[in-house]
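Have a look at this one before I ask anything.
Residue numbering begins at 1 within each chain, and the chains themselves are lettered A, B, C, D and E in the order written.
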Amino acid sequence: MKKIAKTKLQELWRCLSAEGALYLPVRSDSVVDFALWQEDVPADLETLNTFLPPKKFYYPQTETVLKYEFGENLQLLDASSQAGEKTILFGVRPCDTAALSLMDKVYLSEPVDEAYRRRRENTVIIALGCREPEETCFCQTFDIDPGKAPGADLLAIDTGTELVVTAQSLKGEELLVALNGVLQEATSGDEIRVKDVQEQAGEGYLTRVSVHGLAEKLDTCFASPYWDRLYRRCIACGTCTYLCPTCHCFDLQEYAAGHSGERVRCWDACMFTDFTQMAGGHNPRPTQKERVRQRFMHKLNYFPRQHGGEYACVGCGRCVRQCPVNLDILEVIREMGGAVDGQ
Amino acid sequence: MPVTREGFEPLIVAFCCNWCSYAGADLAGTSRQPYPSNVRVIRVPCSGRVNPSFIIRAFQRGADGVLVAGCHPGDCHYHSGNYHARRRFTILKQLLEYLGIEPERFQVRWISGSEGAKFSAVMNELTENVRKLGQNRKLRDAR
Amino acid sequence: MKRTGVFICWCGSNIAATVDIELAVAAAKNMPGVVFADQNKYMCSEIGQEIIKEAIRSHRLERVVVASCSPRMHENTFRKTVAAAGLNPYFLEIANVREQCSWVHKDKETATAKAIALIRTAVAKALRNEALFASELPIERRALVIGGGIAGIQAALDIADSGFVVDLVEKEPSIGGRMAQLDKTFPTLDCSACILTPKMVEVAQSEKITLFTYAEIEKVEGYVGNFTVTVRNRARSVDMSKCTGCGDCMLKCPVKVDSEFDLGLVKRRAIYTPFPQAVPNKPAIDREHCRWFTENKCRVCEKICPAGAIDYSQEDELMTVKYGAIVAATGFDPKKLGNYGEYAYGKHPDVLTSLEFERLLNASGPTAGKILRPSNGRPPKNVAFIQCVGSRDKAKGNPYCAKVCCMYTAKHAILLCEKVPGARPFVFYIDVRTPGKDYEEFYNRAYEEYGATYIKGNVSKVFPDGDKLLVRSVDALSGALVELEVEMVVLANSVDARAGAKELAQKLSITTNAFNFFNEAHPKLRPVETHTAGIFLAGTCQGPKDIPETVAQASAAAMKVTALLGKDSLLSTPTVAEVDEKLCTGDMSCLVVCPYGAISEKILEERRGRETVRRKVAEVNMVLCQGCGACTVACRPGAINLKGFTNEQIMAEVEAICL
Amino acid sequence: MSTASEKLRASAAEALACGRVSLVLGWRKKDFWWQSPVAFVEAAAEAEQLSFDPFSVYNPVKYLLEATECHEKVGVFVKGCDSRGINRLLQDKRLEREQVLIFGLPCSGKADPAKIRAVFPAQKIREVAQEGEELLVRLTDGQERVAAADFLLEKCLTCRHPNPVVFDELLWEPVPVRAGVDVSRFARVNSVAQKEILERYTYWARQFDRCIRCFACRNTCPACNCRSCIFDQAEPRWLGKASDLADTMNYQIIRAFHVAGRCFECGECERICPAGIPLQEMNRRLIMDIDKYFGPYEAGLDAGDSPPLGTYRGEDPAGFDES
Amino acid sequence: MASNPLLPQVAVVTDVRRETPDVKTFRVEAADGRELFAYRPGQCAMVSLFPVGEALFSITSSPTRIGFLEFSIKETGVLTRALHEIEAGTEIGVRGPYGNGFPVDFLRGKDLLFIGGGIALAPLRSLINYCLDNRDDYGRVDIIYGARSSRDLVQREELLVNWPRIRNTGVHLTVDVRSDDWDGNVGFVPAFLEQLNPAPEGKVTVTCGPPIMIKFVLQSLAKMGYQPEDVITTLEMKMKCGIGKCGRCNIGDKYVCKSGPVFTLAELQQLPNEY
C-alpha cells in the first residue's frame, strides 16, 4: 500500500505517462471524459461518471478489423495484430471497472476477440474509489462496492489530502515498483482512513432498487403490455447504449477507395431502426417498441441467462442522467418487479 | 501566414453546370487557356443540382478546394437553378467559414459558356489561393 | 460490377501528344469494373466506332466509357454507337480528356495523371448508369392562340392551314389588335386595314378556327401536348347567334364613352364594336357604362334590336378545353406618359402620342383622315416629332429601344407632308435606326424627298405658347440651342408589355423579363419557344418588333405548333427526376423549387401491417420535367433523384475524382 | 386560483372526457426532481399525473407524428417554443391542423438543473417548484427561495416567443418577452465568429470530437421529420458509420443545413446533447445569415409562409464572390 | 497466437450458375487449393465481396462433396446485387462455418420429409444431398418444394432429374403461378402438403422457407399430427459477426448465429415470438 499527496499528482502522472499512454478524466467545456494526459491540463477527480465509460479503450467506437487490397489479387491484412499499445487508465470508477468484467464475458469468450484481448492485456487500470454516491448512482443494486474495484490493477482511495494506492494484480504491483520514486509507503493510519472512506462510500444512496429475481420474472414478460406504454417516449437515439459501460453491439462497415479498403467495426445500437433491418426489407423488430424491449430484456434477462445470472448493468446512472426523455432502466426495474426506494 | 509548400499541388474539384460553366471549361480548352492539372471537373446539369453533401464529401476524400460554377444569374438554362444555388451556397459558405474552414477553399462562381478565359483565371486563382493555405486537413477523413 | 469497356481516343495528336495513351490504357484496365480497354487515333471515326461495337459484342460489355473530346461534342455520336451494339444509349459515359485535359495542360506526366483520374471518374459513374428511356405521351391535336392581333391572326391561320384545329381567344370584342389602329405601314405605305382585314375575315371564315372574342384566359393546367385551359367568355349581353350586326343599337344607345380604339379622340356608345371593320362585327355591351347595368333603366337597345339579340341576363361563361400547344400573342401597350410632364402631354391638346397621330391620319379615324389640331380643328404647319419618349431612358423609362419609332416617325413625316401641303416635319432624335429591308431608303425619302428636318437632340421641354407650342432642344451636332415654334407635337412613345402580361405569364408558367415581356427559351436559337414546352411566342409580347417581324415570328410559332401537333406522340427527356416513394416524406420541398410545375402531390396507399394507410408523396411528370435537379437538393431525405445524374452517381464521381 | 399543473389537468381531463381528443401530450413528474418527461394521457382519470413545473421543458410536438397515426385527434400542451414546432410540422405537411387540439402555455422559462446543482448539493435537493417569479428549492434540511430568472436554461434566456404562436386555448395570460433577447440571441454566435479562423476551427473540432453520433439532436428535432433520414441510408452512404472528426463535421454541417430556414430555435438539440455540443450556435449562425442575405425570417411563426431556402429573388445578394 | 475471428479467408469463385431470374449459385474454393473448412449441413458462412461488404449465407453444398462450398444467393440488396455481377475467377472472402447445422445423427434411420420454398431450398439441399449421399443411413426421403413459378425453381436439375432417380426418394413440386411450360401442381406449399398428407409416423420434417410459408406449414404439420420435436426449421435474422457478439440476431437469449439457425419446433416454442 502506497500513497501520494494530492498536491503531487502531477508528478505521479508524469511518471505514469512514461510507462504508457496515460488517460484520465479531464474537463472539456461542460463535459468530463477520459483524455490523454497533458502536462498543463488538470484532471477532474471529483466527477463520478465520465461522459463515456472507459470501454472505449478496449472496444473503440471505431476500429479497423481488417484491411484489404483487391486490384490484381485479393489480399487481406489482419488489423487486430496492431491493437494494444501500452495504456494506463487513471481514475476508473468501481462501476466502470465492474463493467469490464461483463464485457470480457462477450469478447473473451470463444472465439476470443483478439484486438480486445490485446488491449485488455496491455492496459493497466488504476481505479479510483468513490467517496459519496451521486443521486443517480445505483451500483449497489448489482453488488458493486463503490469503495472497491476488484477488477482493477491498482485501487486508489482519496482520503482527503492524499491518494492511497493498493496493488490488486501482478500488473499493478509491477507498476507500483516503477512508481517507487513518487509514492510514499502508506501507514496503518492510512489503512484505517481508507477503510473509513470505503465504508462511508456505501452509504447515502438516494436510489435503491433490487433486481433480486428479476431475470426470472422477466422470462414471462416478453409479451407484457408494459412495453406498449414504455417505448412511446423513446426517440430512438443511441445515447443510452453508447454511454452504457456494458453495451457492446457493433456493426461492420466498409471504407474503400480505389483498390484498397478496410472493414471497420463501429458501435451500433439496438435503438436504431436499421439495426436489424434486413436487405430484403424485413425487420424482425419493426417498431421502437421491440427495440426498447430488446435493450431492457437484453440487460435484465437475456444477458443473465447467457452469463450465469449476471445483469448487464452496473448502476452507473449514465443513462438515467443523460436520456433526453428520462426513459431509463430504473423505471423498468421498478415496473417489472424490482423496487425503487428513495426518490 | 501559412507557408507555400514545395511540391504541394492542391486538388480542386469543380462542379460545373452543363450549359454554361462546363461549356466555359470546354472553351478554355478550345482556346488553350491553361490552368493547373489538378483541377478536375464534375459535370452536373445545373448548379442547382449540386448538393452540399457532394461538396463536403469532396473535402472528406481529399479535395483541397471545391468550386461550384453555374450560369450567371438570369441566364440559367433551367430558369432558376442558379438562384436556388446562390441561396444554398451563400449560407453554406458562411457556415463553413464559421466552423473555421478557410473561405478560399470553397468558392462559387458564375461562368458563362463564352467565358473560357474566366474559367482558366478562376481556376488559376483558386489553385494559388489554396496552395497558400496548404492541404485541407480539417474536413479530410482520417482513414 | 458491370463489365465496363474503356476506349481512349488519340484525337490525332490532340490528346495523344499530351496524354500518354499507353499508360492510360494500362491504368484503365486496372480500374474496378473494367474488363477491356483499347485506344484509337479517332474514336469517333467509323473504324473507332466499329472497335467499340465489336468490343461490346466480344467482351460482353455492359457499360462503355469513351475518353475523348467533350461530351458536348460527341456524346450523341457514341450513344448511337453503343445503341447500335444493343446497349442502352445511356450506358455510355464520356471522359473529357481533350478540352478539359490535353488542351489545357502541357506537362505530359500530370496531364496523363489527370486523364486517368477523369477516366476513373467516368468509369465510377458508368458503373452506376441505369438504362434510361424516353417516355411517350399522347398529344391533343388542338391549338390555342391567345391574342387576336396580327401575330395571333397569322399564327392561327398558319396552324389552320396545316390542318389543325385552332381556338383564337381575344380579350376585346373584335380581333385586329394594334395593327387595326394603324393607317399605313412602313416602308411601303400600304394601307394597314387593307392588308389586315382580309386576314381577319379569313379567320372568321376558317372552318378550323374558332374565334372567342371578349374572352380571357382564366387558368392553364397540364403540360405540353396536354394543356387544360379554362377560358372566361365574358358576358357580351348580345346573343351572337341572333345578332345580325346591323348596328342600329349603336346608333340609339344614349351613353357615350371614350373610344379605346381611337384613344379617346372620339366617343363610342355603351353598346359598341371597337371599329367599323370589326370581326365579329357584332357589338358588346360595356356593362361598366351601360345605363341598364349602372342605373337600372334605359333598355333602349333591347327595344330597338330587330333580331331580339340583346340579352342582359348573360353571365360570364367558363369553358374548359384541352390543347396540345399554346401560342401567346398578346401584343403590347403604348407607353403611358405620366412621367413625361416636360412634353406637355395631357396639358395641351396638340401634343399627341404617335398612335393618336396615327388615328388622325386614318380615314376611319376621328378626323376622317385629315390632320387637324385637336385644339382648333385646323391643320398644323410645323409639327415636331420627338423620338425615344420613354425608350432608351434608364432614368424614368425603358432602357431598351422600342424598335419601331424611327420608322413610323419617318412615315408620319412623309404622310404629314402628303396630307398637309406646306407642312414641315421636324424630327428630334437620338439616333435614327433603320435596319430592315428598304428602311434606310424610306428614311432617306423622308428628308430628301419630303424635306423633313432631322435634329439630333433631346427635347428638354415643350411649352404651350399661346395657341402654339414651343419646343426647346439642343442640336447635339452643332451644340446650338434650338427653339422651335410648332402647331403640333407628336411623341414617339415607347412600347411597353401589355398590362396583365405578368399575370398571364404566371398562368402559363412561363417567365418574363424585368419589363414583363415573355422570355423566349433561348435568345438566339429558340426565339419562339418558351421554357415551358408546348408554349410558343409570337409578336410583341416577347419584345418590341415591327409587323413583318411579328408575322414572321407568328408563322414560326405556328410552324412549331404544327410540328408538335403533327407528331404521333411526344418523347420526353429521359434524364428526369424520379421519386423514391419509400423515402418521400411528402413535404413537397421539391415542388416549390421546380421551375416547370412538373411535381405534384399524390396520395399513396400502402400496407402497414393489416391496415391500408394513405400518405402523401411527390410525383414527377416526366414530360414537364426538364432535368435540372433543383428538387434533388431541396429534398432532404434524398427521395427525389435525377436519372442520369443520380446522387449515387455523383457521389461515386466525387470519390473517384479525389483518388 | 389554481396552479399551472391543475389547469393542465383540468383541460386535459375535460378534453378527454368529452371525447374531443383521445390522447393528450403533457408532462409528468418522474423519480428525480429534474425529471419531467412527456406524459401520454389517454383517459380523463389519468390526467392527474400531469404537471407543469420548472423542468417541463421537453418539446412534445414530435410525438405527434406517431400519435396522430393512431389517434384521430390529439391534445397537446405547448409552450412558445413547442408551438413553433407545430407550425413546423404543419408547414412540412406532416400534420393537419385539425388533428391537434392545442393548449397554449405562455412560459417565462424553464430551469437548468446544472445551474441548480451548481448552487445546491444535488443529493440534498428533493423538489424544485415554481412559485411566481421564484423557485422554491426543497432540500433534505430545509428549503430556500431563489429568483427563477437566475436559473433559466440558456435557450430560455434567448427566447423571442415565450407565448404560443398557434393554439386553440391559452391556459393563462401571455408573458412579456425577456428584454434584450435580440442581442443575447446571437451573443454566443458572435463571440465564436469573432475568433480567428484557426481558433474557430479548434473550438469546433473540440466540440465535434466529442460527438458520439447518437443522433439525439436529430431525433428530438421537430424540423428533422423525414420518414427516412439520409444519414441512415446505405446507398449512397451520405454519412459513414464510423466516428471520424471529418465525417462528424459532415453530419453536423448537413444536419444544420437541412434545418436552415426551418429551425425555430427550440434549442432542444443542444440541451439534450449528451456531449454538450453547442449546436444552437450553428443553427443560429444560419439564422443570422438568412436574415442578413434574404431578409428577416423566423421559422415556425406562420405555417403558411415560404421558408427562405425554397424560394429566391432575382436580386438576392450572394454570400460569395460573384465576380 | 489467437487470430481475429472476423478475418475471412481468401477464396475464389470457380463457377457461377444462374438458377432463376434472381438466384445464382456460386461455387467457392480456397485460393490455395486447401479445404476452406469442415462443416455440417445447415451451417452458414460469411461471404465478403470487397469492397461492398459481408453477409451470412447458408452453405447449400453438402459436406459429402469435397473441395468446394456452394451458396445459392438471391438478389435482394446492395451486396447480393453486387455478387450477382461477379464472374468465375473473382476472389472473395469467406469465414465460417457458423451455426449449429442440422442434427444429422438424430435424423439417422428415420424417414425424412423435406419441405422447402423459394430460395430456402439452399440449406435443405445441403442436407438432402448429405442424406442421399449416405443413402443407407436414412429411410424414405420425400421432398416437397414450391416456387413462385416454374422459372423460379432453383437447383432445377437435381429437383427434376437427379433426386427423383434415387431409390426410395420422392420429389413433389408445386408452383404458385400457372404457366404454359408447367404441367405439375399449382398451389401454395401448405395446401400441397395437406393434399399429399404424408403420415407422421417415424418421420422427421425439415422445413425451410419464407416466414409466411413456415407459419402455415407448421400449422398444417400440427394438424397432421407431427410432434414439435420432429419438426425442424431454420430462422433468418440480420447478422453481422456470425460469432454471437454483434448483438442483433438474438431471439430471446439465443443468438441465431450460434444456437441456430436450426431449431426444432419444440425449441422455438420456448423462445419469445420475435422472428
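Some notes on this structure:
Here, a residue touches a chain if its C-beta (ideal position, glycine included) is under 8 Å from a C-beta of that chain, and two chains touch if they have at least 3 such contacts.
The model shown is predicted, which means the values in this text are computed figures rather than measured ones.
Identification of common neighbours of chain A and chain C yields B, D, E. Looking at chain A and chain B, the chains that touch each of them are C, D. With every chain reduced to the mean of its CA atoms, the largest distance from chain E is reached by C.
Put simply, the chain farthest from chain A by mean CA position is C.
Inter-chain centre distance (chain B to chain D, centres taken as mean C-alpha positions): 36 Å. The geometric centre of chain C is 49 Å away from that of chain D, both derived from CA atoms.
A separation of 66 Å divides the Cα centre of chain C from that of chain E.
Taking each chain's centre as the mean of its C-alpha atoms, chain B lies 53 Å from chain E.
Under the contact definition stated at the top, the residues of chain E that touch 2 or more other chains are 78. For chain C, residues touching at least two other chains, in rising order: 593, 634, 647, 651, 655, 659.
The set of chain D residues that touch two or more partner chains comprises 230, 234-235, 238, 240, 242, 244, 309. Interface of chain D with chain A (complex): residues 30-33, 35-38, 40, 58, 62-63, 66, 114, 122-123, 126, 206-207, 210, 212-216, 218-220, 232, 234, 240-244, 268, 272, 274-276. Interface residues of chain E facing chain A in the complex, by the touch rule stated above, are 2-8, 10, 31, 48, 50-55, 76-80, 91-93, 211, 236-238, 240-241, 243, 245-250, 252-253, 272-275. Put simply, chain A touches chain D in their complex at residues 28-31, 33, 51-52, 61-62, 132-136, 204, 206-207, 229, 232-233, 235-239, 242-243, 251, 253, 255, 264, 266-269, 272-274, 320, 322, 324-327, 330-331, 340, 343.
Residues 30, 32, 120, 655, 659 of chain C touch chain A in their complex. Across the complex, chain D is touched by residues 582-589, 592-593, 613, 616, 634, 636-639, 647-648, 651-652 of chain C.
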